[in-house]
Amino acid sequence: MSSFTHFNEQGRAKMVDITDKEDTVRIAVAQTSVTVNKEIYEKMTNHAIEKGDVLAVAQVAGIMAAKKTADLIPMCHPLMLKGVDIQFAWHVEEEKALYQLLITVTVKTKGSTGVEMEALTAASVCALTVYDMCKALDKGMVIGPTYLVEKTGGKSGHYQREKRSAGGFINEQ
Amino acid sequence: MSSFTHFNEQGRAKMVDITDKEDTVRIAVAQTSVTVNKEIYEKMTNHAIEKGDVLAVAQVAGIMAAKKTADLIPMCHPLMLKGVDIQFAWHVEEEKALYQLLITVTVKTKGSTGVEMEALTAASVCALTVYDMCKALDKGMVIGPTYLVEKTGGKSGHYQREKRSAGGFINEQ
Amino acid sequence: MSSFTHFNEQGRAKMVDITDKEDTVRIAVAQTSVTVNKEIYEKMTNHAIEKGDVLAVAQVAGIMAAKKTADLIPMCHPLMLKGVDIQFAWHVEEEKALYQLLITVTVKTKGSTGVEMEALTAASVCALTVYDMCKALDKGMVIGPTYLVEKTGGKSGHYQREKRSAGGFINEQ
Amino acid sequence: MSSFTHFNEQGRAKMVDITDKEDTVRIAVAQTSVTVNKEIYEKMTNHAIEKGDVLAVAQVAGIMAAKKTADLIPMCHPLMLKGVDIQFAWHVEEEKALYQLLITVTVKTKGSTGVEMEALTAASVCALTVYDMCKALDKGMVIGPTYLVEKTGGKSGHYQREKRSAGGFINEQ
Amino acid sequence: MSSFTHFNEQGRAKMVDITDKEDTVRIAVAQTSVTVNKEIYEKMTNHAIEKGDVLAVAQVAGIMAAKKTADLIPMCHPLMLKGVDIQFAWHVEEEKALYQLLITVTVKTKGSTGVEMEALTAASVCALTVYDMCKALDKGMVIGPTYLVEKTGGKSGHYQREKRSAGGFINEQ
Amino acid sequence: MSSFTHFNEQGRAKMVDITDKEDTVRIAVAQTSVTVNKEIYEKMTNHAIEKGDVLAVAQVAGIMAAKKTADLIPMCHPLMLKGVDIQFAWHVEEEKALYQLLITVTVKTKGSTGVEMEALTAASVCALTVYDMCKALDKGMVIGPTYLVEKTGGKSGHYQREKRSAGGFINEQ
């Protein structure tokens, strides 16, 4: 796997032939974040909003987006997703005025190709929905970094992201 | 605009009523990046691949995603997009082994609500497509940070992102 | 308007030409219900589930479905929805063991055709989602009757449903 | 199966993990109705319209909607449908001025989860399309009640709806 | 308009900016055909099949496809279609064993760009659906040639296709 | 297979039941063409446009359309595509002023029904995209003829199109 696999002999993109790949259980975990200001953090976490909270909407959006991955990413194979779960956590450092919503998506399938793109797409759309619902308060929110945390199953085997510096910043998961 | 506008009196999400908002020209610019390793950077930029390059596919994916925004983001209003343009640039610092593809999306409409979400969605899907087409080489790529750079038009007026530190990293645009 | 308008001179369906119809504000209100058993009623309304309640998911599904109406109903014109709101209420008669979730959808646009189908579609998909999320407890739930309650705007003017008996049952709104 | 299965430990909705469920043949039958007035009944059933009848359009819409179920219902798993059939019948009681179009949908798959939602969704969209194509004549039509008639296959086994009173009305099929 | 308009200064595709174009009534007419064998011709035209004929399904598919054009054609602007009509005719020359179903699609909008692509897409999907429904009888059917017959409205004005020889064959409309 | 299989006993269209059909590897090859004028031919093939060429966009559109086939063609079964490849060639006869872009699509799956419709749909949308991107130069382009070249796999076995005259023209592949 040392070259791009998505190109045909004419040098053009193709959907890679996976007819010979086995159906196995495959899991992928992706993570992203939305960094918000203090006002948004407080409105999202206070108990005034019990039912229709922002995260309930964002999480539905993320799950529905996982199912649309092959419709969004041109060379992605369609896949029958078997399970999608999205978890939220807050990473707050008051002294730095850092209010960061962490979004972790786990996607599972039994098929002939992995679900990395489904997990990354669900995480991205979940974060975009948080942005959409809070943007009347502040348009300066930042989405991501977004990355794959782990994947299992398939010929390429297990992948576990190392904690490392990427592009000048530290992912403080 | 000092509170969440997306909730009804039952505390549940709704699509905000914009019937009374005027049709004006509105522009939004969003930016994201994909941080890749040296191998991917070199394969993407060398001249062996002339026709079917990764960016050609990613850019089509981004433009098509802009048109799907209201289908992905639950409370987004459908909008008739009038123009979408995606530009790429490389930010490389060899000494830091930093190879960062910058993706800048400009979306334009003439309508009663802004196109921030369309620009952010296009940028995200464009980056996800780069990830998809290079992931056989390295799964450690990082997408984002993703943010709004600028918007014009509409009642809330002009927004210009200040260069600032967000969540512990510097956006070196 | 005394004949079917959706057929051409060959006797086949067409999308009716509305080029000459004016852009006006149009509102439609539709209603449906899901009749559930006591167990489901109690689980849906007790306070053990604070955040991720069934109705939060159903209401997002309904709003997203409103935006897909023209993609679902063959002869429906595409429309730029300006606002969608979904309200829930319980109609309970313990002595009759009747537990009925009422779903009321209001859709608003400014366009050249009405939004009756958008309101009815949103109500239907909202109810289907309630069914989906509760069907592990009981598959005997009943959706509907589903009907238009009111519409305003457009050449055909105001429509207000009269309370009446339809098909052997009484709509006890 | 005595509790909601669609929620994770954070109390939020998830797409339930069905990786361990077996692929078996699964069938679901759903039914709904559209109650119309005499004028619509007569126009729909007279022989003046031979080719492009309302039901031909409604039935195509229902079948296409069955394939969109996972795109409409947030926690639904995508499924490869193996067959969809829609049948129509009229239930007319002239003395009560009751003109009721019965819509029965049968959906079949070979997969790891049932097709109840696909059958119910197809029935709903089929009925909505009848409403759309006749609404110029009368907006007072009533859709439903809509319910599952039968399902076979899968761990939860056979389900057969009993003829019963639900929510204060009798289903007179 | 003497160069490709769909490319930006980086030489990459973009969705052309049409913000300054006026909203006018625009009409496009496209035509295609499906050439079938005698057996299919006879089954499609005999009177044994009164209700659910092939053309009823194909025509619904064509109209629905017109509404999906911007989702299929990457650089197409989304448009609010105001009317779609599909007409069928048979061109039969028994002595040449030529059985050709002609499909003519007329699309109308009031907007800032034309509907040529919508008419061509509807015609193509209508023809593909005929192929799908008859392919169990013969896989040798031929779709097209497909072309624009006429367009009106917009800055580029009126276009009327001349009857001519294109690519070695005569379009005998 | 000597009659239409897409109709139920009411004479209406249905999605044929394929529950009993085996999962086998299935391949289909379809071909279409776009006949353009000399100016377009020269602009498409000259080396001024290196990166964002028309064919790169058209080919992404074609691959994405293959995945949407069941959403476009009413009675098509959803399928998990395993590979899609699109190849381009020019058929030029200067003396006849014939400039014809040939588009050949190969689709592969492992499933219980064939992929003829996916190959034909991808070819059609690929050609429509070429038309869209060149139509500012000339609206007289002709798409097709479009046909199935070959299919393998499944009960109906191997199909290979004979070179023949169809509908008055010769397919000069």
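Which chain is which? They are A, B, C, D, E and F, in the order written, and residues in each are numbered from 1.
Throughout what follows, a contact is a pair of C-beta atoms (placed from the backbone, for glycine too) under 8 Å apart; a residue touches a chain by one contact, two chains touch by 3 or more.
Computed from a prediction, not measured in an experiment: that's the story for all the values here.
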Third chains touching both chain F and chain D: A, E
Reaching chain D from chain B through chains that touch each other, fewest steps: 2
Type of chain B:chain F copy interface by residue overlap (half), same or different: same
Euclidean distance of C-alpha centroids - chain A vs chain F, Å: 34
Per-residue multi-chain contacts in chain F, two or more chains: 8, 10, 12-13, 50-52, 55-57, 59-61, 64, 68, 71, 74-75, 79-80
Contact pairs between chains, per stated definition: A-B, A-C, A-D, A-F, B-C, B-E, B-F, C-D, C-E, D-E, D-F, E-F
Interfacial residue positions of chain D with respect to chain C in the complex: 1-8, 10-13, 32-33, 35, 43, 49-52, 54, 56-57, 60-61, 64-65, 68, 71-76, 96, 98, 100, 116-117, 120-121, 124-125, 128-129, 131-137, 139-148, 151, 159, 161-162, 166-170, 172
Contact footprint of chain E on chain C as seen in their complex: 8, 10, 12-19, 70-71, 74-75, 77-80, 111-112
Chain B-facing residues of chain F, complex: 50-53, 55-57, 59-61, 64
Footprint of chain D on chain A - complex, ascending: 25, 55-56, 59-60, 63-64, 66-68, 79-88, 108-110
